[in-house]
Structures are given as structure tokens and as C-alpha cells.
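Here come two complexes built around chain A, the first alongside chain B, the second alongside chain C.
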Partner chain A sequence: MSGTRTIQGQKNLQNIHQASKDGIGGSPLRPDGTLKVKGEFAYSSDMWHEDMLWGMALRSPHPRANILSVDISEALKVPGVYAVLTHEDIPGSKYYGLEIQDQPALAIDKVRYHGEAIALVAADHPETARRAVKKIKVEYEVLTPITTEEQCLDPETYGYVHEPHEYKSHGSGNICHSQKLVSGGGVTDEIRALADVIVKGTYEVGMQDQAFLGPESGLAVPAEDGGVDLYIATQWLHVDRQQMAPVLALPEEKVRLTLAGVGGAFGGREDLSMQIHACLLALHTGKPVKIVYSRDESFFGHVHRHPARMTYEHGATRDGKLVFADCRIVLDGGAYASASPAVVGNAASLGHGPYVIPNVRMEAIALYSNNPSCGAMRGFGAVQACFGYESQMDKLAAELGMDPVELRQINAVTQGDFMPTGQEIDAPAPVAELLQRVKDMPLPPPLDLENLDVRTLPGALSNTSHGEGIVRGIGYSVGIKNVGFSEGFDDYSTARVRLEVIGGEPVAMVHTAMAEVGQGGVTVHAQIARTELGVEQVTIHPANTEVGSAGSTSASRQTYMTGGAVKLAAEAVKQALIEKGRRRYGWEHKDITLVGGKVVSETGGVLVPMVDLLGDEAIDLTREHHHRPTVPFDKETGQGFGHVQYTFCANRAVVDVDVELGLVKVVELTAAQDVGKALNPLSVVGQIQGGCTQALGLAVMEEIVVKDGKVRNASFTDYLIPTILDTPPIPVDMLELPDPHAPYGLRGVGEAPTVSATPSIVAAIRNATGLALNRVPVRPEHLTGTL
Partner chain B sequence: MRVTFTANGKPVEADDVWEGESLLYVLRERVGLPGSKNACEQGECGSCTVYLDGVPVCSCLVAAGQVQDREVRTVEGLAEESGDLGLVQQAFVDAGAVQCGFCTPGLLVQTDALLATDPQPSDTDIREALSGNLCRCTGYEKIMDAVRLASARTCAKAVSE
Partner chain C sequence: MEFLRPATWDEALAAKAEYPTALPISGGTDVMVEMNFDVHRPSAILDLNRIGDLATWSIDGDTVRLGAAVPYSRIIDELSGPLPGLALAAHTVGSPQIRNRGSVGGNLGAASPAGDSHPALLAAGRDVFVEAASVRGTRLIPIDDFYTGVKRNSLEADELIRAVHIPVADGPQQFSKIGTRNAMVIAVCAFGFALHPKSRTVGTGIGSAAPTPRRAVEAEEYLRGVLAERGLWESGDLLGTEVIQRFGELVRDAASPIDDVRGTADYRKHALAVMARRTLTWTWNDYSKQIRSAA
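Presenting the complex of A and B:
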């Protein structure tokens, strides 16, 4: 091939500029979809290796105890057992943690929560391992657990979860982290006097579980170089490795992680679970070791959403303008820090909602306690507060005799407003419009007593009502969430893009360490490569630690951050290819781009097919994507440009309540969300609907019940998540107002609906029943007056 | 013990099976059929649903010994003989009903069973039939779309045949 072919004519130019329908903005099918429906997609629990052993942990039955002795001798005698390990067998550092290294990989001399791992067994069969675990004799000195806010804040009387000299954070007493915030004139008596109306409320949020379906699992394979290869379901390969390597006493390059299939995450895989344990056993025995948690172990093996107790006070003028807001949020962080500091930062900075409030005060704290550890879960500190401030908005509207949507719209932030942190909202913030959109959607038909199908009523298949005692209610809410890691954290992403000719066609390969946990990032990466490189064929390289970090699949950040990195790398490949053409052909066109497998120019037409220009050469480039810098919030005033991006969702819930039995059926849950730019509309809508459904779970059913530090419902029989019968139609109205700071103008979408939807459902139940309902999940006894 | 049964039309044999093992464990760990999933292992989530002699069951609740000389059909047996996706499988992909996909194998078997008995279920019928299959990602809306799509295609196919 030599020279340049030029096609003249507007018509042809339109054709050659036709972008791939499977590029961004389209909804191509998932590249992993076929394997998943055939049952051939290899999840972490499907990993299998010849001669592999099964690992299992002994876990504490007590939330707080001193360990006086551990006797493993009987366990070692069980035929088929290859190893029994305690903390004494750990070769390196004994502690790890996401933000604060305060968690022992195996308990040392004491246990701080129900379910803490004490010892490990490797055996030839899971049942052998189970039996051996039971033969480990642990002598405990059982102590009274520190579980309530009052107990935690009085360590002199009730004791310390971590002794003062053990503190590795800026915390003290049993406080893991705290963040204050003051803006305007703060909240003083003088400020209060400016308000015509003041409403106060105390609200509680129960401990929610991520309840991903694929249990924690993985396979560790010892390597000849003394290192280990781990096939694992996680949210962030590189931060796993960063925490694992010091414990295993290995350099990071000898701890190689490859992402196995991930059966959901929702924050629950942000911390380590069985990673270190499987590697310890594999390195100790010299054999591959697989660990798969059972569902009950999964409840003990990952952190949960922080339960919260929140006190709010809002003042407004008679015409509904907010004058001040005051709030204190107490989050129970449980035994170890996990992500508590960042969750506190979110609660403090987002805890007054998407409203313009001239005078604000806030204090958010996370406690150390002997309750289960809490950390990341979808919504991350913004969920709890949203239930508080949205409940307050309804209370204030009632006090003022105003429409609750109108009150919110009067006070809603918009672009150019300032958050209580002093951060300007410098991108679209259509809060009032989102509320209007859900309000304007048609309502579902009223309950038709003549043509009832009991399956659609509260109680459903239990056949508890034929329409009697059913009252309908409607509620609204709106919420705010940040996108990306905040407070000065540079959670950059790396992407490698390779372009070469395979089988006579230009093919792009995208290699990142992004954890695909179901969100569809792999689909979006291929779409970005198609759009930027003008190719149809894109392969996605398995995610592993051979390429740089992709950051975490959390904080609604992956499309923004790793998608952005793929865009940068693809753009670099594109430029390199065009430069090659300029050198070879001497092109001087300024508008050269890649479309439909060809190098084209508006002015020059088709310049050359990409395959001819590439020849045998591959262009293989790696780029990092950093978001704009943020800063930590000032410790006392909470001021600072702390967040990368904000995202908003509004909901309307329609519920039927059986007021005699206290049963709730959500009839419809409408969502309106600004997504900036929907790179894959099918996936975006799926994210919003899934996010709303987890919020529904928190509203009416999901809670880990903890009594005196002990978990009482560690199973899917007793911890209820919404079924298809509990879940209503979820109409989604998607707004696309581009964010000028984000790749393609996109906005992270995964979390906002989980933040905003819960209060709309509770508002609807209040509307139906007239009850105050200051706690979620709302249970039947809250509705029937039996509590 | 030794257990012999038919899996997806082929005879299989598993040796050294411990009496406490479930059909799910034998499928996943002994006969190379890990498509059926292990999300709760107590019959609450439906991820392990397989056909046992044509009836959908939670394979985690079936003792391995109970399947001696019986016929099991798993998600791996839902594709066409050509290897192309079956109608229900294709509908789940097309409708965006697959996110993490861990619930998908069980939902596919249950949907297949529903449409075999009722090719045109109402929305409420679909919800009732799938109420034993938990999904944590999708909010079920795309799953409803997938079943409706599979139903429409099933009916269209019946008409064309």
C-alpha cells in the first residue's frame, strides 16, 4: 500500500465518519455475558487446582475476650489435615488495614468482635477442615463487650477496644475518627433566633450488609520463586497486594494477583477477607489452597454498613428558606477501622444534603466497639445522613404546611452554589429538576379492590389480606453523593491499550487492573476503545497486577477513572498511529482521526486503512489518569475542596401498607438521576435500578441484628434481601448534563440511588400511616404499635 | 461412596463422595460442572437451581446419594446442541439481565421451567415463579424484561413452527 486514497463528496464523508454503534452512548452486550449465561464464567469460588487443599478459619464465638491459650494438637491429628496456623506462624507484619493498620491477620491474645479469625486449617476436603477447626481448643477469658455509644465514649468505666498505646490513628478513647464542620455563623442562639420554625429529630439506621451473592473465595497457588499467585474476587487488586505483602513477608512483585470472577461487591470486598489466609496456608504447605466462605462465614468475614444514630435540627423562615442546620452523626465502626475515617469524612461533608444552608454545624464520629467492623458499602457514609436530612425535610414541610417537594426545591443547590465545606459546585446540579421529574411521572393506578391479585399486596404469597387494612402512601426524597476518592487521595487509574492487526483486522486490546464486579466496566472499556480508535474488535485482557493500579471499584468511580485512563491510552495510541502516517505519507491535514478501521480526514477523506499503516507493528501504550486534586477537610471547620464530583438522584415511592399487620409493599419506586453522559444506557439504568433496590432493602427489611456484640442472623434465612416479589417496577428518568471536568462529561452513577431512595420509601409509609418512623429498616412492629 | 447419574445427557460417575456432600458440591467440585452457584447453600437464594428428573430443585438441598441413577440438567445443559445460546440464555444477555451473573444460572433454569409450563406468564406470574431466586445487582427489572423477551420469542417460535 502506498499513497493516499481520497474519496470526494459529502455523502461518502458522512459514511466514513459513522462511528461504531457499539462505541460510547450505545448499549452493546456485555463481553462476559455469554460465558455467564452458559455457566462457564469462572468465579473465584469455581477455581480448581489439582491437589488443592481447602482452607478454613476458626472464628471467635465471643465479641470480646482474652485468649489465654490455643491448642492445635488435636486438630493436627485429624487425617487429611496439612496445616493448622495461628498468628505465631505469620512470617511478616501481623497487622493490616485499608487506612489504619490496626487489624491482626489472626487474633493475637484477644478477640474484639464476634467472628474474628483466630486460627487456620488446610485440609484435603472442606468437611475435614470443618472437623479440624472444631478440634482447636481455645481458652478464653470472656469480657463484657463494649457495644453502645455510652459505653464507647466512657472508656474509663467500660474499657478500651484498642488500648490507648495501640492507637495508630488520630483517634482517642474509643473514637476511631471524627470530623467537625462549621460554615456561615455556625449554629448559635443568635442564629436560631433568625428562624421562624425549628424542627428536631433523632434518627437511626441499622447495620446493612452488602449481601453480594458470590461468597468470599479464591485460590492461592505457591510459586517456584517463593512467591504466590492468588486468583481472587476483590474490588482493588493493588491495594489487596499492598496489604498482603508485608504480612507474607514478600516483596510486592512476588505477590501476584489475578482477578477471578466476582459475584457482586457493593463495598464488601474493599477490605481483605481470605486473601492473606489462603496465601499463608499455600506458602506453608507448598500446595494450592482454596478458601470459599459459607454464607454465615461471609457475614463474619466482611465489614458492613455503619449503623448510625443522628441528631438533626433545622431552622427555616415561614416561607420555607432554610436558615440553619445542625447535626451530630455517630457511626459505629466496630472493632477495626476499615474505611471508617473516609466514611466519617463523607458523612460530615455530605450530611446536610443537596441544600443551600447559610449556617451549618456538623460533627461526625466513628466509634471503635466490639460490634462487627463496618466500612465500605454502596453509598459510603452518605446513606445514613440522607435518611436523616430527608426525614427532616418532610418534618419541616409538615410544620410549615408546605408541599414537601416544593420545600426541597426552594432550598435545592444548583451549579455555582457552595457546599457547607466551602466547595463550589462547579458542574450541573439539577436537584430541583430531578425532583420535578419524579413528581411529574404518571402515578401507578390506584388499588383496585374489584380485581385484586393478592400476590401484589403486602404479604404477597402469604395471602394475608384481600384488600382490607391496606393504605396507600407517596413519598419523595433526593440525595447527594461524591464520586471518586476524596480529601486529597490520588486514586489514579492505569490503562494499557494495544493496537495491532490480527486476522487482517485492526484489533484493540485493553488491559487494566479494574475489578469487574458486575457493573459492566469491561463493556464500557471496549466502547471507549472503539470510539477512540475507530475499530470494531476489542479484546479485554484479564485484570491483574502486571499493569498499574486501577484503583478501587467503589465510590462510583470506575467509569470516570479507569474509563478515563482507557480514553487517555487510546488517544495516545491514536496519535502515535497518526504520527506514523504523517511520517510515512507526509500528511498535512490537521483533522485526522480514526473511523471504521480507516485513517480519515474531513478535508482529505480516507487516507489509508489502519491495517496498511500498522503493518506488522503493534502500538502498545500505557497511561495514568488522575482526577483533579482535592484537599483534606480542615479538622475543626470541615472546610476544603474535598470532593472530585457530586452526583444526585431523586426518588418517588408509592407504597401500600397493611396497617393491621405492619406489612409494606412498595408499589413503584421512580428514580430521576443526572448521569452526565450515559456511556452505556442499558448498564446505567441497570445500576440505578439495582441501587434503588438495595435502598428498598434498607428501608423495610435489611438489618444485621447484633445483640451484646453477637450477630443473630448470619444467613439468608434470617437476613432478608428483596426478592423479585418485594421489588416493584422502577421507572428511571435519566438526565444527561455533561460535567465539564469529567471524561465525556460522565458522572458516576452506582451509588446516588442507594443514597436517595430509602427516605422516599419511609416518607411514603409515613404518608400512609401518620407514624413518625425515625428508624430504618421499618419493621412490622414499628407500624402496628407493638414496639 | 460412588454416585452415578446423568448430567446434561451424559453419564457421570463420582468416587469417594462423602455422604454429607450435596448434589451442588458433587457437580461443582467432582464432575466439572461449576455453573450452578453456591451463594447460600441453604435453599434460600436459588443460585444452585438445577433440573432433577425435569423438576427444578435447589441442588444444595439434595444429598448427593439421592441422585443415584437419576437425570440432572444444569445451566451448562441449557445451550443448543450446536453450542449456540438457548432462547432463555440469549434473552438474559440481550435484556441486560446479567450483571455479576452469580444468580443467573439459577434464574435461567427457573425461567426455563416457567416457560415450559406457561409460555405467556403475566408479570405477577413471573414474579411468583422467580421469587425463590435472589439477585443483588439488577433490581430485577431487566430480569423481568428478559423473561418477557424469552416469552415473546418462545411464542413467536411456536407460531413459526
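Presenting the complex of A and C:
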């Protein structure tokens, strides 16, 4: 492997063969780490521009209403207000969307969800803007919102979220997207008859939020050429631009985006939020406009994780071999499509889990409703389904009287197996081994009732138990996730690498449009450049649209895709430099490489310092990295080579439950994951622990509570995410089985633990309480029968 | 908006008399949040942070006089002995940062049904008084009369809270709070309990399960009766499950909670019964140990 390349044999090379310890496989410090810890990092909300105005949106208090009139005259009269805009002021296309352009940039005649933006204000002070927003008069005809599955699927009775003639998706009725899948003999009565045991279940997943800490924010600066420069916290600069330009009626090259400091994303920044709004205001007023959402506005300003209702039926033989799985997954996509089609695709193609099942029937659909829009969130589609199929595995194991880990291992996929989509798993898939590894890890010590520390108990310092009611439980789970965009999408990445001498040293510069959202991509890019170019000094160019697309920071794909592009560009620069040397010095050696700032060869020793060879010239090359092509799934059968790569994580959860009060403390959450190759082991462990923690949130506390289409807890007072006292030790066992198709053999790591950890925690709570628990998050009411 | 910064208590009272709608600010952990959320647009803010003695406490005989601005972190560090119930409640408030700023005076000023001081103060006995002052003079408001409605208290427009008078504990006290995570959480419901061996009474306080913090008076009376009739104060003997159970039920029945986004009414009632049983058991075990070791 090139990452650990050393040149052996030649004594005179001993000192220079040391590959940089900060190359791949090392864990150098993040360039942004210290600043963030000290509170000095500039986030997008910290930006300031002379003469700038503040933008603010008026949002609908109703989930479904017709807009009879909008009167902006009083708002315009507020001193300090520069502009009040409605959809009528939009110069270009009025709609945008990631996959389906069904979302108006500002509401047109109707609102479809609580919090939909209707009008915009720009003023010289945020307080002025807020007051002006309150002076906009909107007359509504309030309609009964369409919010449940039953209502959505009966549009004749309850109405349409989008009128039938408005459909821009392939869907119909209130269905935004659907995907079926049949493999083997499907599920028929004859197939059912082959099973000795059948278990059925209905499972629900609540609406989780990404809960990133840095609210949506950005600064739009009008440019002299009539275009606009936007400094923005986002996940994908180029797709933002692609959606913005038509609305602004500008050619793409006049919409220039630069990444501003991103305070977390988790999928919530994959859609546009304030991008178009800030640019509309900036272009209209000719002044820079900054928009920063408040925390409550943030809850309305981005999409959430699709809530799901899932029905599963599994059949198995007496000895635990799965015979069939019949699944239906209904995802509530809310008012607009966002990423719903991809979420449905993942749910349908991964929703039976990492198991060999000869006969599968599956249907996944996303509804249009008047609930908040749902879209991308870490692990989408796979997270919801994993709670369903892993709950079923436990149920089946109980029915068969088998150990739940053993049942999973008996049916686990491995390399060479086929998914129900017909896609062969052509890379390592150590599912059974991952399960074994978490099972074999030592268990945490039992509760010590003699020397109790209340902080370690459910309720902690709330002092609800001194040992009373506490029962320990253990649960296991394993999950599967795809890496990269699927179903025929060519989400390529671009990287530009420049090598030149600065201050007497060879320095590499890496320029991509990758959104660093906290995942540590900038660290990894520098590591790759060090390893490939044999330099120590690497600078990372600010991410912007001057370079080609890097695709999205999502789908666990950035190290694979943009890391792969940096590798390609760096290799090209290396070859160019070596060629230059060959031309100048007439080297004949076949094994020339770059190490420790020198051009070296095993057979020729040190050929020349890179500084001398480069001289005043800079080598500056750009490369694109495309993953292997995939194809869309067949609409009816779900067959197709749809995914780029699979990733797997297994978990063991140990919980203490106060069974009388229904309070839970996760004592330990163990993870084992195959990462292919850990380019930065510290970051990888961080991703796995972070992913597990987000899954813990979904298991026991995180939910946007929506009643009749209205969000009830748009604040961190009532949308609870785990604190450090809720977060247990998370031992991580990392397996590195290289994927032959991936750069360095690596595997995307960010999402798999978010997929798999939730069901392990619920399984542990079931183990402690004996309750069925068919819904996450599990609330104290579920555990005490007081719902 | 006016920003008033009196240097002395008398100046503060004069300012409050002159600007009765001025919003006092102490730790600011409620005030600043509400201003950020645009809940308040006060005409004036009255900053009490320059008045040093508001952040002091003293013990006079059997009573702690707790300055309105003493932060929770100091209550935990300095007053766990004389005020164990309040110190346990203080432990459950917010995060270290909030405990460094937030105060009992502010908790009383806000008078939220979810304020964690309230159950502990209610349980601490009938000699708990809020010392309220104005240019017109000082009055001691019994804690039972202090909470008048959701986020309403019995302060007059020109009054400020100077201190709270709380009897030094003469028996074990406990405080329990339910939250759906293990730290930094607003109470779904809470319960404070205290044994008062000298007066042969017990104290209770229910939080987040009624429009105001309130006592479970029938539960107190029931237990007082049982303890007296059976001579348990003297013997320290076991209470027995029936008594504990009944006490829990009476506490539960004293609550009138609602369903909201934090929890259901049924859960709150259920949890109150459990917390009442447990806190009674813990305090009684401590008390009987004391009796036995004294015997």
C-alpha cells in the first residue's frame, strides 16, 4: 500500500525513508481543532461586512393554509428597512429542490408546512428586521393539515399537499416516491409455508433532528458584475449553486460560493436554507446581506430525519435460517421532496439488513404531508429500517429460543453473497466477525450497590434512585449502509494540487470544494498530500466554487471521493515532477518516488532534493475522481447494481433501566466496524463514537414532536440531545479489511454506527424490562405504561 | 430601554419604586433567555449585580438567611449541611455554568412551576419566608403564599426579593427530579421531602405537576398522624410498605399535572408516587439510624 511505502535495502537511504508521521495512517492534529476548542474559530454566523444589512424571513404559523393576501406596506415604512420581498420579486424560477424542484423559494398562494417562508425583510439592524417582519400582514384561509399516513393515502377525502397537476416527482396522490423490490420467489403463501417460524412486527421511528450547534447563516455580497458572492455554511457548494442560479436568474458563474465556518451538518445542510433569501435581498438592495437563524428558526429552517412506520414479517426454519422477509416502510417526507427519493432507495435496498434472505418482498414509500419537510440525515433510510429488522431479529431469536447474536451470525452476509437487489457484495463484509468482536469484549462491571455514585445511575444527579428499581440489560445489533451516492448518480469529486517551493521548502497546496463540516476532511487531505508528495508542509485552500465540484459531505463519501481526488491529483503532480527530472537528468530508474522532500529511488538513492528540481516552477494539476458506475433500481423489482460500497457496524449496548420510573442510563456502547483503511485512526474513532452518540439520542430522547402539523419543541430546552452524562464509554474495535475498489482500500465510516447503534440500545432496554418497545425514541411513558 | 445599575440596596428600591415595570436581573439565566426569545421587551432593566450583600448568606440561630443572589454552586458547596434539600435541588439545576450564575432569588422571581428550588423550599417547613422589600418597608411572605399562578408570585410591582429565610434542617431532607436525560434538563416533575423531628412534622413540595409549585398537604397530615400515633419519631422503627405506599398515593393525588411535550399527566402522577416513596424511605432510614445510634 502506498500509504506505508518504505524503500528497503539501500543503506544511504535510511534517514529519508521515514514516511511522514503525519501522512495517511497517522493522526495529526486537526488544523481547526485548537481554534474550535478555544472558541476562536470563525463560524458562518460570525461574519461581518461593512454596510451590511440583516435579512429575516416571515414564516407561516400554519401547516396548511391558502394565502389570501400579503400586505407589506407597513413593514416598508419601518425606518431602517431596505427591502421587503415576496415570491413576486423573484427574478427567475420560483422553485428549487435537490432532486425534485417542488419547493417555492418563497410561498406562492399557499403554505404547506409550519414555518414555511413567505416574505423577506432586509434592514440595517436585526431588531429592525424583526419588527418589520411582524408588520407584514398575511391573510390566511387556514385548512386542516394532512398529517397521518391514512390521510395522505386518501387524498379524495383529505386533500392534496401538492395538487395533482403540480406533481414534479414520479409520484402521485400524496406519494412523493416509491420503490418496490422482489427477490427469490417474493413472498407468497408457498414461500411462507417453507418457514417453521414467522414473526411480525410494526415499528415506528420518530422525527429526529440533526441538531447541529451552528445555526444556518451566511453572508451574500453583491458583485460589480451583477453576480453575487455567498459565504455560506453548507454541505455541497456546487449543488447549492445549481439550485440558486435559476432562481436568481443568473448564470452559474456569476453565483460564487465560498465555504464559511460550518458548525455541524449531519445532513441538515444538504438542502438550501437561507442561501437564496440572502442573495435575493443582496441583489435587490445592492448591499451585503447577512442572515443568521435563531435556534427556533433553525428547527424550521432545515429538513429532519424521516419518521417511519414499518411493518415486517420474517420467516425462518427451526435451525434459524431466514426463509423470507416481507417489509413495508412508510416514510413521512413532509411538505417537499428534498432527498426523499434517495431515502426511499436506501430503505428499499438496505431495509432487510446485512442478511442472506432467499425470498424478499419490499415496498418503501415517502409521503407528501403537511408535516415538516424531511430529507438528509446521517444514515438516512438505513437508520429507520435497521430499527425494524434488528427488532425482528431479536423477536425471531426469542421465538426460536436462540442466542440473538448466533441467529444474526447464521444469516450474516459475507463477501460473495448477493443482496436482494441482485448486487454482489464484492468486497469484505465481515458481519459475523463484527458481531463476534462486540460480543467478546469484556463487559462493564455490575452495578456496585455498596458504593453507589448517583451520577452513574439513571437520573444521575436528579437523585431519583439509590439503587431501587435498577435492572441491567444487554442488547446487540448490526447494520448496513451504502457509501456514496447510489442508483446511477455520478457524484464525482474534483481536487487541485499545487506543488511549489516556498521559503526554501517544497509546499503542497490542496484546493477542493469539499465542505469541512467537522468530519476532519481537511486533515485527511493534508495527510494524503504528505504521503503522495513526500512533503511536510501542506496548505489547504479555502473551499469555493473556483474549483470543480467535490460532491456532498454526506453519505460517508468525502474521504473516499474527494480524498480519492486529492490522491489522483497528487499522483499526477508527482508524475509531472518525476518526468521533469527525467527530462533534466535523464534518469532511467523505474522506481522513482518522493520521500522526505527528496526525489529518491531504491536503486539510485537520493536523486535530487525536490526544491532543486522544482526551482521557480509550480506544478498545478486538477483531477476528477469518479467512483465505479451504478445503475438505478428497477422500479418494480428493485434489481440493479445500485450501490458503490457497503459499510457495516455492530454494537453491544449495556443499559441500566430504572424500571419503576422508566429512566435509562446507557452504561456502555461498544462498536466494531470495518473501516477498510483508517487514514486517520483518531478521526475514525471520533466518527464512530459520534455516530453512536447520535444513535443513542434517537434511542432514548431525540424527537421533534409534531402535533397536527405543528412543531411543539423547537428549542434545545425541549429537543434533548445527549449530554456527557448520557454518553457512556464507547470502546471501538476497528477492523481494516481493504476494499479493492476504493482508494487506499478505505471504507466510509461516518454513518454505519448511526445506523446500527439505536437498535442495540432498545434491545438492551427490552432485555432489562421485558417490554416489546416498538417505537424510538423510547420514553419513560413507554416503560411505565403511562402514555 | 433603560439600564439601571444601583450600587446599594436602597438605591435599588428607589429605582424599582420609580420604574415599577423595570425587570430585575440577577444571574440573568432566565432574563437573558427570555429577552433573546423576545418574550420580554422591558422598558428598563434593573441590574442587581452590584449589590454585594445580595450574594451573601448568614445563619442566625435556627435560620439561614440566604441572599437572593447566592448562586446554586455556592449553595451546594457551602450550605449542604444546614439546607440539604435545597442543596440537592441546586445540584439538579442546569449545567455548571448555570449553577454559577443562577440563584434562588431568580428562581422565585421567575416563579416557574418547574423551578427546582420550590419543592425544596416548600418542604423545608412553615417557617420559610421570602423577604420582600420596597421603599414602603420590608415584609416576610410565607412560602405557602408566595406562588400565585403560572409564573406569577405575590411580589408587588415596587418590591424586590432581598433574601429567603429557611430553617436549618433538623432532620433528613431529600429532593428528586425527573428529566428525560441525565443532566441539563427541565423537570418533568420533582419532589422535595423533609422530616422535621423537632416539630414532629414532615414537609413536601411538588414541582412541575400543577400550575404552581405546591405541597401535598394530605400526605403530610397522613404521615404526621401515623408517625405520632405509632410513636415512630421516638422508636425510629420501620414505616412498613403500607404507609409508604399510602404516602405515595396521597402525593400523587395532590398533583394536577397536564400532558405536554415533556411528559404525560399520567406519567407525572406515577413518577411522583415513586419519588415520594423513595424519598420517604431514604429520609426515614437516615432518621432511624440517627435514633438508633443515639439510643
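We take it that the second predicted complex is superposed on the first by the 772 of 787 C-alpha atoms of A that agree within 3 Å, B and C clash if a C-alpha of one lies under 4 Å from a C-alpha of the other, contacts with A are read in each partner's own complex, and residues count from 1 in each chain.
Convention: a contact is a pair of C-beta atoms (placed from the backbone, for glycine too) under 8 Å apart; a residue touches a chain by one contact, two chains touch by 3 or more.
Just so you know, these numbers come straight off a predicted model, no measurement behind them.
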Query = Looking at the overlay, what does A:689 touch: chain B (first), chain C (second), both, or neither?
reply = first
Request  = Determine, for the superposed model, which of the two partners chain B and chain C contacts more residues of chain A.
outcome  = B
Query = Which partner does A:215 contact after superposing on A: first (chain B), second (chain C), both, neither?
reply = first
Message = If we overlay the two complexes on their shared chain A, which of chain B and chain C does A:264 touch? Say first, second, both or neither.
response = first
Inquiry  = Contact-wise, after the overlay, does A:519 reach chain B, chain C, both or neither (first, second, both, neither)?
reply    = first
Inquiry  = Once chain A of both complexes is superposed, is A:628 in touch with chain B (first), chain C (second), both, or neither?
reply    = neither
Message = Output check: A:38 vs chain B and chain C. Expected answer is one of first, second, both, neither. What do you get?
response = first
Request  = For A:21, decide between first (touching chain B), second (touching chain C), both and neither.
outcome  = neither
Query = Which partner does A:461 reach: the first (chain B), the second (chain C), both, or neither?
reply = both
Touching partner for A:725 - first (chain B), second (chain C), both, neither = both
Inquiry  = Quick check on my understanding: which residues of chain A belong to both its chain B contact set and its chain C contact set?
reply    = 294, 460-461, 717, 723-725
Note = The answer for chain A against chain C in the complex is residues 130, 294, 296, 458-466, 468-469, 660-663, 665, 700-701, 705, 712-713, 717-718, 720, 722-726, 779-781, 784, 786-787
Query = Which positions of chain C touch chain A when the two form their complex?
reply = 36-38, 88, 91-92, 95, 174-186, 188, 261-264, 266-267, 269-271, 274-275, 278, 282
Key: Interfacial residue positions of chain B with respect to chain A in the complex   = 18, 20-21, 28-29, 33-42, 44-45, 47, 74-76, 78-79, 85, 89-90, 92-94, 96, 98-105, 108, 124, 126-128, 130-144
Message = Using the touch definition from the top, list the residues of chain A that touch chain B in their complex.
response = 27, 29-30, 32-34, 36-43, 45-46, 48, 125, 127, 210-215, 261-266, 292, 294-295, 453, 455-456, 460-461, 517-520, 682-683, 685-686, 689-694, 715-717, 721, 723-725, 727, 729-730
